Amino acid sequence: MSNYKHIGKDFTPPDLLGKVTGKARFAEDFRADGMVYARLYTSPMANGRVTNIDTSGLDGMTGVIGVITADDVPAVEAPNAAILTNRPTFIGDPILAVAAEDEKTAEDALARIKVSIEPLPFAVDPLDSLVTGGPNAREEGNVFARSSEGSGFRTIKWTPEQIAEFRAGKEPTGEFASEWSYGDLARGFADAAVIIEEPFVTTGYAHMSMEPRTAMAYWQNGTCFVYGSAQSQSFWMPGLARLLEVEQKDVVLISEYTGGGFGSKIGAYPLAGLPGWFSRKIGRPVQLRITREQEYYIGSARVGFQGWMKLGFAANGRITAADVFIVEDIGPNATGGDGSSAGGAVSLVYDPEAMRFRGLPVMTNTTPRGAQRGPGQNQIAAIMAPIMDKAARELNMDRVEIRKVNATSNDTTVYEDQEPVTSAYMNEALDMGAKMFGWETRRNKPPRRGSKVRGIGVGQGYHSAGATGYDGLVRITPDGRIHLHSGVGNLGTYSYASTTRAAAEVLKCDWEDCVIHRGSTEENLPWSSYQAGSNTSFTHQRANYVAALDAVDKLKQIAAQSFGGGADEYDIDGKRVFHVEDSSRSMSYAEAALQAIALGGSYSGQTWPEDIHEVTQRAVQNLAGSGLIGVAKDKLPQNGVIPGLAVAFTEIELDLDTGKYEILDYVGIAECGTVVHPQGLAAQMAGGAVWGMGMACLERHVYDPHNGLPANIGFHQCGIPTYLDTPLHVRTGAVDLPDPQSPFGARGIGEPAMGCSVAALTSAIADALDGHIFNRTPVSRDMIVNHVAGRGQSFQTLQTNNF
Amino acid sequence: MDIAEFKRDVWGREVLLGVSWDLLWVILIAAFLFIAIHALIKAAEKRRQSPTADGPRVLRHDALDRTFHWIMAITVVVLLVTGILPIIGVNFAWLTIHWIAGLVFTAVILFHIVRSLFRKSLKSMWISLRDLREPFDAAQKPGKYSLAQKSMHAGVTVLTLVVIVSGLVLFAVIDTPWWDRSNALSEAALGWMFFLHGLSTVLLVGMIALHIYFGVRPEKLFYLRAMIKGWISKDELVANHDPEQWNPGESS
Amino acid sequence: MAMNPQLSRRRFIKAVIASSAAAASNAGVQSVMAQDRPAGTVERLMSLNINGRTRRVDVLPQETLAYTLRYKLGLTGTKIGCNRGECGACTVLIDDISNYSCSTLTHSVRGGQVLTVEGLQKPDGTLHPVQQAFIDELSPQCGFCTPGQIMSAVALLKENPNPTRKEAQQAMAGNLCRCGAYDNYLNGVMRAAERS
Amino acid sequence: MASFDVMPDTHLYQPVELADALELAARHGERGWLLGGGQDTYGWLKDRAKNPQAMIDLNGIAALKGIRETAGGIEIGAATTLRDVIRNPTIRNNYGLLSDAASRVASPQIRNVGTVGGNLVQDARCWYYRRGLSCYRAGGNICYADGPDAMNREHCLFEASRCVAVSPSDTATAMVALEASMVAASLDNERIIPADKFFVGPDTHITRMTSLKPGEILTAVRIPAKWSGKRFYFEKVADRDVWDFALVSIAVAMELDGDTVGETRFVCGGVAATPYRLRDVERAARGKTLSEDSGNELAALATRGAKPLKYNHFKLPLMENLVRRAMRG
């Protein structure tokens, strides 16, 4: 346990009060004088071409202000998503919007608009598009590979025989789009005592954030004020400015609260630009609130996998070779690089001696895909867990033991280039979890009770959890307050706040004296990463640390200038900077701040380091002369992959009659370096666990292949886990060993928190069914019932986006 | 009043749903008006003294034709009852009876067509130039069938073929003991089939109304008897037909 | 900070609109509807008792309570997550019983006592025990479902001040949380129960 | 396709006398919409998939509320909330089957306002139909859920006729098992309809779930004392334990003489357009004793005549399992 002043201690994040009083303002809670309400018209067809838009029905309607179509907004290059389009490529693709004095009138207007669309061929299952003669999701092709070497459309087809082999679980022989590998795969398999070869499917599903993404915007003095739902303030700016075709300085983004994002709001999504364009067109503030159904369509979804993997295990359980092939369902906009990330996760979590990854991203006319909590890592975690169990069974090993044999540690090298990791303690996490859960005793399962059988499972989660090169900005004002500026968004992980505590730690000040500035770019925010990718903790602890160091440095210089001597003779504490030998030579932070203003220059932000981002530069410019400015870019040394790791243990009681199971116990252990905010960490582990439970048995996309219709367009049909689908208690813990490359030792955890959960559950289900593995998520009730009854499943192997 | 109804297809486009059933009432009213007027005119005419049914008899319809006619009549009634009553609000499980009756109907019609083609002279139903003169020449008498009867038969033939073909197509895409529903028909095509099936049905209803009316008119009642018992009297023959054109054999 | 458009903007944008402003912005349109009100249908102008205050509001016959609260009365603490009764973000109490305000006609609560999240905090700023407990347990994550969760918890504790954790789970079950903060919410409910 | 979620214009009547409600119902006929808890109403209206001219809110009518013990059993006003049904001691003690079923409906908030009548007459949940497509049930000429590759996991096993939707009501199965009868009032008369006859399948009424005619109002449900205090078994299997409709549910009422089964009623939800009586099982159950073996015996009869669709054949073993469970001692 750390003995810091702030790090590792609980605190009350400043935005919490608003959340419990209803005063918190989400994008849809803002109103502006003369604001009108917009409603969206989305495509009824999976793929088509708009041939005519007839708005004559609106003539003479009271309260209708205007209509905006694709002709009023920038066109984008395929396969990217546009704000509005005349070439819809999925059911729900935005085609136009209507603005009116109130929402009902806007909907009345929508009902009177006639849009003619010419249907085009569509595909809702990648394999249907991949087979010779199958439809392409876009006229340009059916595959779009994004890579640093260059991205582009391709048309890749497999013969029906190749598809059949793939379905039959054989190694795919069809063309693929990307490949990476390391080690000697052939030797690895040759050395293997046990070889396991499995086809698998993970069906994609919607993010379904609680808040349907609303945006409101108006123009004033050439500046566009956008009230949005974002996973970052600073990081959104370049994209938002591009969407609105203005300079960054002419955009203000207000996103004080965000009703969930889970990866779907990392960058400025096209819809966020619509109110700006609409407002420009009709000259009034415009609020666009979309329906839940539209949030399903536009709110992004997890990439689906249809894959094959072959693993070789040595007699001691060590993975000698891993060969992974993944067809990715990347939707119509070719988004999400989940496949390769999944390969990376296999490499990092199980450290095979040799490995090959091959990927084939295929477009479908289903909802657009994007990063979703553990994109790639969590799908593969769910598939790997039961396969590891199967290997353990065949090698007659304990299931935790086989994971320990392959566990990541400080000297593991990972990925194609076999990079080092900053630090990793998977063994410690497994030990801690096994102990807390009581693995040893629970391994001897109680006998079957009627139709109820027990199953215990263990799962591992991973996500690369950090980035570098972002800016930190702190400010000490003459009132003695310490202002901590954070441009990281806030989804409720509270890491925007817990990472600013690194600055408070460095400045040795009380939390009560600190003011966090966030939520609006008008709060003068530094260039920050996003509240995503599990990276805030590592990334912004560093950024805030360097900014605080800069402030401390300036405090010492100011003191030295006032009392003589060198800056290095001074130290800080108790909100004072003082001479180490002569405490009479000291001044308070408040006095120092006044001095800084008097001195000007870099002390009070008249000048700034040129290596900071233009977003930070503008912030400093705005703050110039308001106090002592500490600002810096994170250039601390960083080498290797930054792993966020988590393990979970769970026990379920599965009812063979109904296919339902109760989660009797759940233990989640975080391995994310030093614990920064215990409550926040526990909340992330618990929340991630629930996500895993949804992915394991409930959530999936379902599309009718005949007409391309989606079945799961609401919370109800999407099967978002409820109170009663989750355990009464969730137990969590943390390894709490510092990461050397983070000033206070922290790494991120948000995504592994889910991966370990879904993996533990698929592992537990297999255990309950005497080792039967479905190689599919979700494992729905009907699959279990059919299996127990010895019936075939309704779907064909590797089918996806189906019931 | 529309003759067709429309709906939105799965992608929101407007397609045919089927015939507008208002048409049924229009046809019924039209048929009733025609019958009423015709009846009045007939009543106004001074009645010629009608031929006697006594004396020697000739055969008009042999047993097989009569059986065919009445089987067909029954299936038609069943089809109309099961097809139309649910639409006018009399609800019952009609579908299975309807398609079974439909299959019987189809079989009967096929039998009739084949038989007409091979065993009987189509000529007796053929509308010739001579027939067309019939209405304008009081002296001219028809062969076995009058122009009115032939026209009625021609019309019914066309409608029956349409109703059967559209019916069979619809039957092909629903669940049956032998096959499951298919997507063979686009929604637009499906709409057309329902439209044709409904339209021909509605028109048939009109035709049948007239057929029945004429079947029971006093001066034509002997035809009904002929369809039941098979014979007409020599006297009725000479009074209504031209033996040159039609000279049936004696009947027992 | 002269370069900063903030000041002028303050004047331009209002926070959450007052009911009067809302009524005004909607009046033009709704009067169209008002003209044909068949005899016997509901009177549009109505009194609502919300958080202990009586408010006169012009309410369309088909209007939902969530709509009235958010768009007519400026009470935006009540959230619309699905507008379908499938998430619970819009949960309010009507005569102490939890309701989905998105699936309640405003005209049907005439004469009832409506309690929203805005009505829990005491005038002196003291938080309701549930609110305080939710802060102490760091219950909310994104916070969008929180007002609804709070109202369900308040309803539960009014009826059953000392629920078991299982009872609490059952009572809260009509509120979805996509962040999956169920465990933290239950901790909050149990802590609030201990206190109140 | 526009996606809507705001209530469109429609009129609202809030009668306090049943007579007025009946008059309004008669006047508006099919263009009127009777409003109970409204939980199956607002979605239809917001989607603009159904466009009634006026809503007739029945909640203000005292005569339609409350639970009364009668000579023959109990009578539940149609506008009584599920909340009140669940909390009613008489029902809990003597007709627990109904309490169990009612307490598994949707979610607490929905049970707080949802009414018995509304739960019984609720419309089909077929996702194609709910999308607002003009399928058979919506007066169209096609069933999207019965196509060769349609996604019909939640659809029916029995009594399909063009439409393959199922009865979604949890309380309906219990009512049929308890031999309840429905009181349907209209301006000119009052009909007492046995639950068996109250729910109707697509072969006769493809656009309606019940035999209620336009202008009729379900005023009350009468449960005979016959089954009071008998052995009951209710189970609902759904994906999630909140909100979701039954994949398959079972409601059983049985007379027991010691361990021996006398007269009994087995009813399944989620397998046909109406609550589905397992008549073969009921006949065979007579004289059997509660046991695993007799459960297995009866299970085999449960799915006789089932015609599964592509994605719903898991309902066969599920039904059989539920029958087994009902027979466990």
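Letters are used for the chains, namely A, B, C and D, taken in the order the chains are written, and counting of residues starts over at 1 for each.
In this text, a contact is a pair of C-beta atoms (placed from the backbone, for glycine too) under 8 Å apart; a residue touches a chain by one contact, two chains touch by 3 or more.
Not measured: the values here are computed from a predicted model.
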Of A-B and A-D, pair with higher C-beta contact tally: A-D
Per Cα centroids, the chain farthest from chain B: A
Centroid distance [mean C-alpha coordinates] between chain D and chain A, Å: 42
Intercentroid distance (Cα basis), chain B paired with chain A, Å: 71
Separation of chain B from chain C, taking each centre as the mean of its C-alpha atoms, in whole Å: 68
Between chain D and chain C, distance of the C-alpha-averaged centres to the nearest whole Å: 31
Multi-chain contact sites of chain A, meaning residues that touch two or more partners: 44, 103-104, 291-292, 706-707, 709, 715-716, 721-724
Interface hub residues of chain C, defined as touching at least two other chains: 60, 67, 83-84, 86, 170, 173
Residues within chain D bordering two or more other chains: 1, 5-9, 144, 147-148, 241-243
Touching pairs - complete list by chain label: A-B, A-C, A-D, B-D, C-D
Residues of chain D that touch chain C when the two form their complex: 5-15, 20, 24, 35, 38-39, 42-43, 45-46, 54-55, 57, 59, 83, 106-110, 112-113, 241-243
Touch list for chain A against partner chain B, complex: 44-45, 117, 119, 706-707, 709
Parts of chain A lying in touch with chain D, wherever the complex brings them together: 39-44, 91-92, 103-104, 107-108, 110-111, 113, 291-294, 450-451, 657-660, 698, 702-707, 709, 711, 713, 715-717, 719, 721-725, 780-783, 785-786, 788-789, 791, 794-795, 802-803
Residue ranges of chain B touching chain A (in the complex, touch as defined): 10-12, 183
Complex contacts: residues of chain C adjacent to chain A: 1, 3-6, 8-9, 12-17, 21, 25-26, 28-30, 32, 60, 67, 71, 74-84, 86-87, 89, 116-118, 120-121, 127, 131, 134-135, 137-138, 140-147, 150, 165-166, 169-170, 172-173, 175-184, 186
